[in-house]
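Presented sequentially are two complexes of chain A, the first with chain B as partner and the second with chain C.
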Partner chain A sequence: MIWSEEARDGAIVAAPRGKIDESTAQDFGASLEGAVGRAADAAARLVIDCSGIDYMSSRGLRALTLAKRKADGSAVTIVLAAPNGVAREILAISRYDKLFGVTETVEAALTA
Partner chain B sequence: MGARFERSLAAGAPGLSALIAEIEAWLDAAGVPPAQAARMMIVFDEVLSNISKHGGGTLSVAIAIADRRLTATVVDDGPPFDPLARETPDTDLDIDDRAIGGLGIHLVRQLMDDVAYARVDDRNRLIFSKTF
Partner chain C sequence: MLVRFWGTRGSLAVAQTAGAIRGKIARALVAAGGRGFADTAEAEAFVDRELDFATGGTYGGATTCVEIEGGDGSFIVCDMGTGLREFGIDAFRRCAAGHERTYHFFMSHLHWDHIGGFPFFGPAFDPNAHIVIHSGHADAEQALRRQQEEISFPVAFDWLRAKIEFRTLAPGETYRIGGLDVEVMEQHHSHKSYGYRFTDDAGKTAIFSTDSEHKIDSMEGEADVAHFFRDADLVICDTMYSLADAVSMKEDWGHSSNIVAIDLCHEAEAKRLALFHHEPIYSDDDIQRMHQESIRYEELTRRETPLEVLCAYDGLEVRL
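== the complex of A and B ==
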């Protein structure tokens, strides 16, 4: 899993790439929590560009849960943008698509 | 023509991520389309890391592909553990009320066509299959 992050249009856009599973979920979670903290400091929205995520297991969902709890506590909105078909299916099965805003594109997440 | 993959590993050993990478490469070589392979890899990650945590001496994985159908058999000699006996998590709850974890086996059930558990010869045996 490779994590990159940029400030864009008043939001923080993070782009994890690769697979999020048992071996990478800890890094993913730590990176997410760091990004939530930076979004809180900047009073910015946190957009996760999911387009580079190959697939995500329940370990990744757990990391998202922890990040969302932290985000809710500091009034940060997390939006999941551009998930591929597999990631979208995982979000639907777990109904995480009801807990998070999910958009087709990063641009839509910036303006939603 | 069918293809077959078989490996054994000491449960809890550091070789788990190497085994997962090996399975992924094998699925690719066996001609499983990437999006379908991704779904299967989520299932292998859930099942194998779960067993690895629940202890036991050895786990073995056998995967067969024939006629665009994958059948995987995962056996471990740990204490009796039926992952399917676990209640389906309530996915209607808010974020604060959701249990951390518990979703793994739910994903396995939803992503595969069939999943079955049996305790056979003092071993846990989980068989799952999917047509792709």
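== the complex of A and C ==
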């Protein structure tokens, strides 16, 4: 899992790449938590550009929930943008598409 | 080893309604498309070949009870949910044909849906039966006695005729019981629950792990669970909720999800998973959909070894 992040149009856009499973979920969670902190400081939304995620197991999804709890506490909105077909299916099967806003593109997440 | 499911529902026993059966028959007639069948056998072959399980069958509605064959000839049974009543009837039939009258029970925990079948377990009235109740809980006897107190049930525990013993098992030990090696694992659940790992002399392994919540704030502990499941031929797992429900509204309700179970089985390199402890509000269609989605999630996240994802139903037999 490789993490990159930029501030863009009043949001923090984070772009994790690779597989997120039990071997990488801890890094993913720590990176997410840091990004939530920076989004809170900047009073910005946090957009996760999911296009580089090959797949995400329950560990990654649950790291998202932990991040969302922190985000909810500091009024930060997390949006999941541009998941590939596999990630989109996993979000549907886990019903995470009911817990998070999911958009087709990063641009849509910035304006949503 | 043979694993036979007598009860697979969680929390509360349910039954099919007239409306649900009507819907199944109507769908079957539409699927038959006007075809005629010479006899029942031909019609049954059509049901097996052409109808999906939620139309041609049912997952059943008895609460948790699973039998394992393959030990020393005594009965081995996990949990005493309402499925235990049917098991007891079948055990009488088998005892009449010469089966040994020793029963080894292994209790996940003592909530109603896991003990409610015991007052209706016929062999408890058999003076020649020997019933040994193994549990991680030291208060198993109290739970079983209490549910037969007069305020709850007309037949007192002391009126049972079988020789009944209680034995408390400790996690971390390997026991030799009923001709199987048995290991125990403590699980997260209200008043705790315990998982069991059974290995027969041929090296086949079945895991019984129900009513186990894999807490979101202690995910690092899941390596221990995967280790307990390691290389299992069958893992029977509580998959009551979707992951989203398990981490939000139903957090701390003590249950797990299909996708966490699949992840754990992948990590453990287990061969088969049986989805279990089905949500009582789910219809057969809902359970079937959950099963199909689970198979799909397994494909999407598969590593080298594929994991076969079964959906337990009352009456399912799995030979390992």
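We adopt the following convention: the second predicted complex is superposed on the first by the 112 of 112 C-alpha atoms of A that agree within 3 Å, B and C clash if a C-alpha of one lies under 4 Å from a C-alpha of the other, contacts with A are read in each partner's own complex, and residues count from 1 in each chain.
The criterion applied here is as follows: contacts are C-beta pairs under 8 Å (C-beta built on N, C-alpha and C of every residue); 3 or more make two chains touch, one makes a residue touch a chain.
Just so we're clear, the structure is a prediction, and the values are computed from it rather than from any experiment.
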Return fit or clash for chain B versus chain C, each positioned on chain A through the superposition. clash
Determine, under the contact definition given at the top, whether A:Arg8 touches first (chain B), second (chain C), both, or neither. neither
Check the residue A:Arg95 against both partner chains and state whether it touches chain B (first), chain C (second), both, or neither. both
Where does A:Arg62 make contact in the superposed view: on chain B (first), on chain C (second), on both, or on neither? both
So, does A:Asp54 touch the first partner chain B, the second partner chain C, both, or neither? first
Of the two partner chains, chain B (first) and chain C (second), which one does A:Asp72 touch, if any: first, second, both, or neither? first
Just chain B (first), just chain C (second), both, or neither: which does A:Asp21 touch? both
Report which listed segment of chain C has C-alpha atoms clashing with chain B; options: 20-28, 110-118 or 254-262. 254-262
Could you tell me which stretches of chain A are touched by chain B in one complex and by chain C in the other? 21-22, 55, 57-59, 61-62, 65-66, 86, 89-90, 93-95, 99
In the complex, chain B residues that touch chain A: 16-17, 20, 35, 38-39, 41-42, 45-46, 48-49, 91-92, 94-96, 98, 100-101, 103-104, 106-107, 110-111
Show which residues of chain A lie in contact with chain B when the two form their complex. 19, 21-23, 54-59, 61-62, 65-66, 68-69, 72, 84-86, 89-90, 93-95, 99
Residues of chain C touching chain A in the complex: 216-217, 219-220, 222-223, 242-245, 247-248, 257-260, 262-263, 267, 293-294, 296-297, 300-301
In the complex, the residues of chain A that touch chain C are 21-22, 25-26, 55, 57-59, 61-62, 65-66, 86, 89-90, 93-96, 98-99
